[in-house]
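See the structures that follow.
Okay, so subunit A shows up in both of these, paired with subunit B first and subunit C after.
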Partner chain A sequence: MKQLLNQNPKILLISALLLGALFILPLVVTSPALMQIFILIILYAYFTSTWNFVGGFAGVLPLGHSAFIGIGAYTSTVLFQTFGISPWLGMIVGGLLAAMMGVVIGLPTLKLRGAYFALATIAVGEGVRVLVENVKQVGPLMINGPSGISIKLTENSFSAFQFDSKLPYYYIILAMLLIVLLLTYFMMNSKIGYYLAAGGEEPEAAEALGIKVSRYRLIAMAISCFLAGLGGTFYAQLMLYIYPKSILGLDLSFEIAFIALIGGRGTILGPVLGALLLRPVSELTRIYFGSMLPGLHLVIFGLILIVVMRYYPKGLVEPVKILLNKLFINRLGKQGGPDGTDSAEKAD
Partner chain B sequence: MSLLEITRVTKKFSGLIAVNEVSMNVESGQIVGVIGPNGAGKTTLFNCIAGAFPPTSGSIVFDGKEIAGKKPYEICRLGVTRTFQVVKPFASKTVLYNTMVGAFAHTKHLHEAERKALEVLEFLELGHKKDVVSKSLTLPERKKLELARALATEPKLLLLDEVMAGLRPTEVTDMLPIIRKINETGVTIVIVEHIMQAIMSLSEKIYVVNFGKKIAEGDPHDVVADVDVIKAYLGDEYVTTQH
Partner chain C sequence: MLGIIEALINGILMGSIYGLTAVGLTLIFGVMKVINFAHGSILMVGMFAAYWFVILTGWNPYFAIPVVVPLLFWFGYYMQSFIIKPIFEAEKDVREPITVIIVTTGIWYVLDNLALMIFGAEFRVAKTSVTGQVFEFYEMYFLLPKVIGAGITMVCGIYLYWFLKHSRMGKAIRATSLDREAASLMGIKQAKIYNVAFGLGSACCGMAACVLIPFYYVYPTVGVPFDIKAFIIVVLGGLGSIPGAILGGIIVGIIENVGAQFMAATWTELLLYGVFLFVLLVKPSGLFGQKHDY
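Let's look at the complex of A and B:
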């Protein structure tokens, strides 16, 4: 916590302002359709941040994260439909299941390098989708194969995770995103974070320094999958209808990876920036070209990715940071003194 | 009691015998050199000690414990840390970050790792570079960073794999006192090296390896006068003209 507050006061000030703006956004934006878009931006930022634990820090490229999101969504939904268990509880169960699945898959695959790991995760992601699409029912649990599950509607109820207005959804996912970003920050500044980064860059050197690389990757995988599973439940409750193509497909896995790579993998704000830039693109193409050219958004993402990788291989977070520095921090600095101490005094 | 005792270690790679029944003995506090022509099996022997791969047969006892076949991270935790011939810094990270990765071997706390890392960097006269990203370091600085990272794990035995390879003669001269200084803090050192001048002035004892076999061992001056060693390095015809 101390390190967090030791940051440059100007950066703290800007972050606080941004946060404030996010919290009062629903007061300004009242259209439910627009709210939905904002919720999805934050949700995708959340998904990508959970991906970041493995894809950003452990030096591997997972391309099947929708499997874990789907496990979360299906677990809480099936538990609610069959036994009436609150999705909040189902969320935790789904997260734990996703984490277990992540560890089971990670044990053999996290030792693979580069492209092999990516391919293995694609296979697992697609495997889970095909499996779910071909299962109608497991004992009393209805899965419904490719047609998916419509969640029983209740009235506005916190325990059933169903709300009449978009507002609660917005605040819930915002809180979830902030928690994940904080977790990311603390992980980066801990032994685990250092060890993951070391193992990601030079596994051989890391092992020579006493790091069991595969163990730390597995820890990251478990955390990542748990959190992704929680996001899955949120998605299910937001849409109230899930089917394999929506939540288990490669589309979702790829979109997450695109957001991360374009925004900046391995950074705290990269996923947020990526989601902010790319989500509107997928919404707009879906609205205008959805029937004619489904999947057009992935084509556009691909083109953007090529350009970004060519000029900013670390993602857009670097140039945006520099730009913001020029635009705001220096200006604030001029008003508030060169080292920002004045602005801190003003705050007193 | 000896700190490292290697008995009849053999390493085969599908038919090729890279290390053939080599035995070595390193006393605590010593600097021991391993020399030999290119491809003699020095680095393979090193990799066996450090756990990069297990020896085919033979035993390696460190500090009373058998370490042959253990994983690199286990061996490091027992107190043996190596450097790499081709340096492997965590390129996108700063010098301090690199060194802290090593320092985390003995602590969980960020500030403690940082304190230890800074101490090591000061000791190696690399403190002023602590915020430099390691990929923009010069080669001698990268070699020093390898040393810093390894030292931060507080090893009892340091395995140096050609730390001076690729350095200019003046840079070698700068590196020698650093290695001596590390040894004076109580760290035992085994060093593999091509550069004879360096190894002669550092080592108390030298092992010479050729075609995977140990061909000589002993005091540096005796070893360079050894007939087999001269043959290995210079060829048969030099043996007679030497006298």
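Let's look at the complex of A and C:
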């Protein structure tokens, strides 16, 4: 926490302002449709941040994250439908199941070259989708195959995770995102973070220094899958209807990976930036061209990805940071005068 | 019993076509250490090219081979030199070029969805002179285009193997895949080798596309199931190994077809994923993989 507060005060001020703006946003935006878009932006930022634990820091490329999101969503939903267990509890169970699944996949593959891990996660992602699409029910648990589950509607109730307005959803996902970002921050500055960074760049060199790279990758994988599972439950409760094509399968996995890479993988704010830039693109193309050109937003994503990777292989977070520095921080520094901390600025 | 033998042979026939697409994938991986996720989309491009060739000319689909295969070779060649090369060069020293892998998935999405926008989502079938013809052998029935296709892919696989073993270009490709730096010290132009390897990989897809056209549907995401099967096959056979890819393809074909005798076809897909995870767990280097490759 100390480290967090030891930053440049201007950056802290700006972040505090942004955070404040996010919290009072619902006062300004009242249209539920617009609110839904904001919620989805934050949700995708959340998904991508959980992806970032593995894809950003561990130096491998997971391409099947929808499997863990789907496990979270289906677990809490099925538990709620059959036994009436509160989705809040189901959320934890789903997260734990997703983490277990992640460890099972990671155990054999995280020791191998990254290519194997990417292939294995794709296969698992597709495998889970095919499995869910083929199962009607397991004992008393209804899965409903490809037609999916619509969640029983209840009154506006906290324990059933169902609300009449979008407002509670907004604050819940905002809190979840902030927690994940804080976790990311602490992980980056902890022993695990340093080990992962070392292992991501040069696994052999890190192993030679006595770091068990695959073990720390496995820890990162478990954390990431657990958090992704929690996000899955939130998605299910937000939409109140889940089906395999929406929450499992390649499209969601790739969208998450694209957002992370375009925003900047291995950075804290990269996923947020990526979601902020890409979600509106996909919402807008879906609204205006959805019927005519069904795949347009994915073409745009792909093209943006290729161009960004060509010119900014580290993602857009770097150029945006430089731009913001030029626009705001320097100006604030000039206004702030004597108490400005960067001496380089004064020397100008 | 006869049913199982029939399924077995059908599996080998279909599996050899899977094998050919996987050979392209494994060739590109062997040289560049990059998994080309756009591989299935390249197959899709080949299938649409062959489809339109057959529809517009009305000729026998196998006449499309001399047109589609070179077309796809140049498609892959220029895709590598214009899109992938600049990104690859920025990351040349990294052992795992993740950026390049993700760019190929970008290409996958662009190609698939462009095809969706241009041609629409409907399934198309090319009615050709061999479509639906059956080949009878000891009271077992096989689709004639499958038999011809398997024959053609086998010849291609053997030719490719010979090409890599004995031709000058093939030797240069193998040298590059063994050791990039040493190969360039011997005067091999790496950039060109990468282009050619990508071109050859795509040409394999073109060949597979031509033999698939007479009996398979064409639709914009047709590449995805082939893509995923190709991933499973290359891991099964060992990343970077050509005989492994062909054998892996045949194994996958057999699992799919024989499995369908005992369970619903969708469950065989799950069986494939199970086999894939099992191989990763037990022998990650696959059937023919080399130790330094994983």
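Simple rule for what comes next: the second predicted complex is superposed on the first by the 335 of 348 C-alpha atoms of A that agree within 3 Å, B and C clash if a C-alpha of one lies under 4 Å from a C-alpha of the other, contacts with A are read in each partner's own complex, and residues count from 1 in each chain.
Rule of thumb we're sticking to: contacts are C-beta pairs under 8 Å (C-beta built on N, C-alpha and C of every residue); 3 or more make two chains touch, one makes a residue touch a chain.
All of these numbers come straight from a predicted model, not from anything done at the bench.
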Which superposed partner A:106 touches (first subunit B, second subunit C, both, neither): neither
Which superposed partner A:189 touches (first subunit B, second subunit C, both, neither): first
Touching partner for A:211 - first (subunit B), second (subunit C), both, neither: first
Residues of subunit A touched, compared between subunit B and subunit C (which is higher): C
Which of subunit B and subunit C A:70 touches, first, second, both or neither: neither
Which of subunit B and subunit C A:90 touches, first, second, both or neither: neither
Subunit B versus subunit C as contact partner of A:59, first or second or both or neither: second
First, second, both or neither for A:197, with subunit B first and subunit C second: first
Subunit B and subunit C footprints on subunit A, overlapping residues: 202
Subunit C partner contacts - residues on subunit A that touch it in the complex: 59-61, 63, 105, 108-109, 111-116, 118-120, 122-124, 126-127, 130-131, 133-134, 202-203, 250, 254, 257-258, 261, 293-296, 298-299, 301-303, 305-306, 309-310, 313
Sites on subunit A touched by subunit B in the complex: 3, 189-191, 194-195, 197-198, 201-202, 204-213
Residues of subunit C that touch subunit A when the two form their complex: 29, 33, 35, 83, 86-87, 90-91, 95-96, 98-99, 101-103, 105-110, 112-114, 116-117, 121, 220, 224, 228, 231-232, 234-235, 239, 264, 266-267, 269-270, 273-274, 276-277, 280-281, 284, 293-294
Footprint of subunit A on subunit B - complex, ascending: 50, 52, 71-73, 76-77, 81-82, 84, 88-93, 97, 100-102, 104-105, 107-108, 110, 113, 149-150, 153
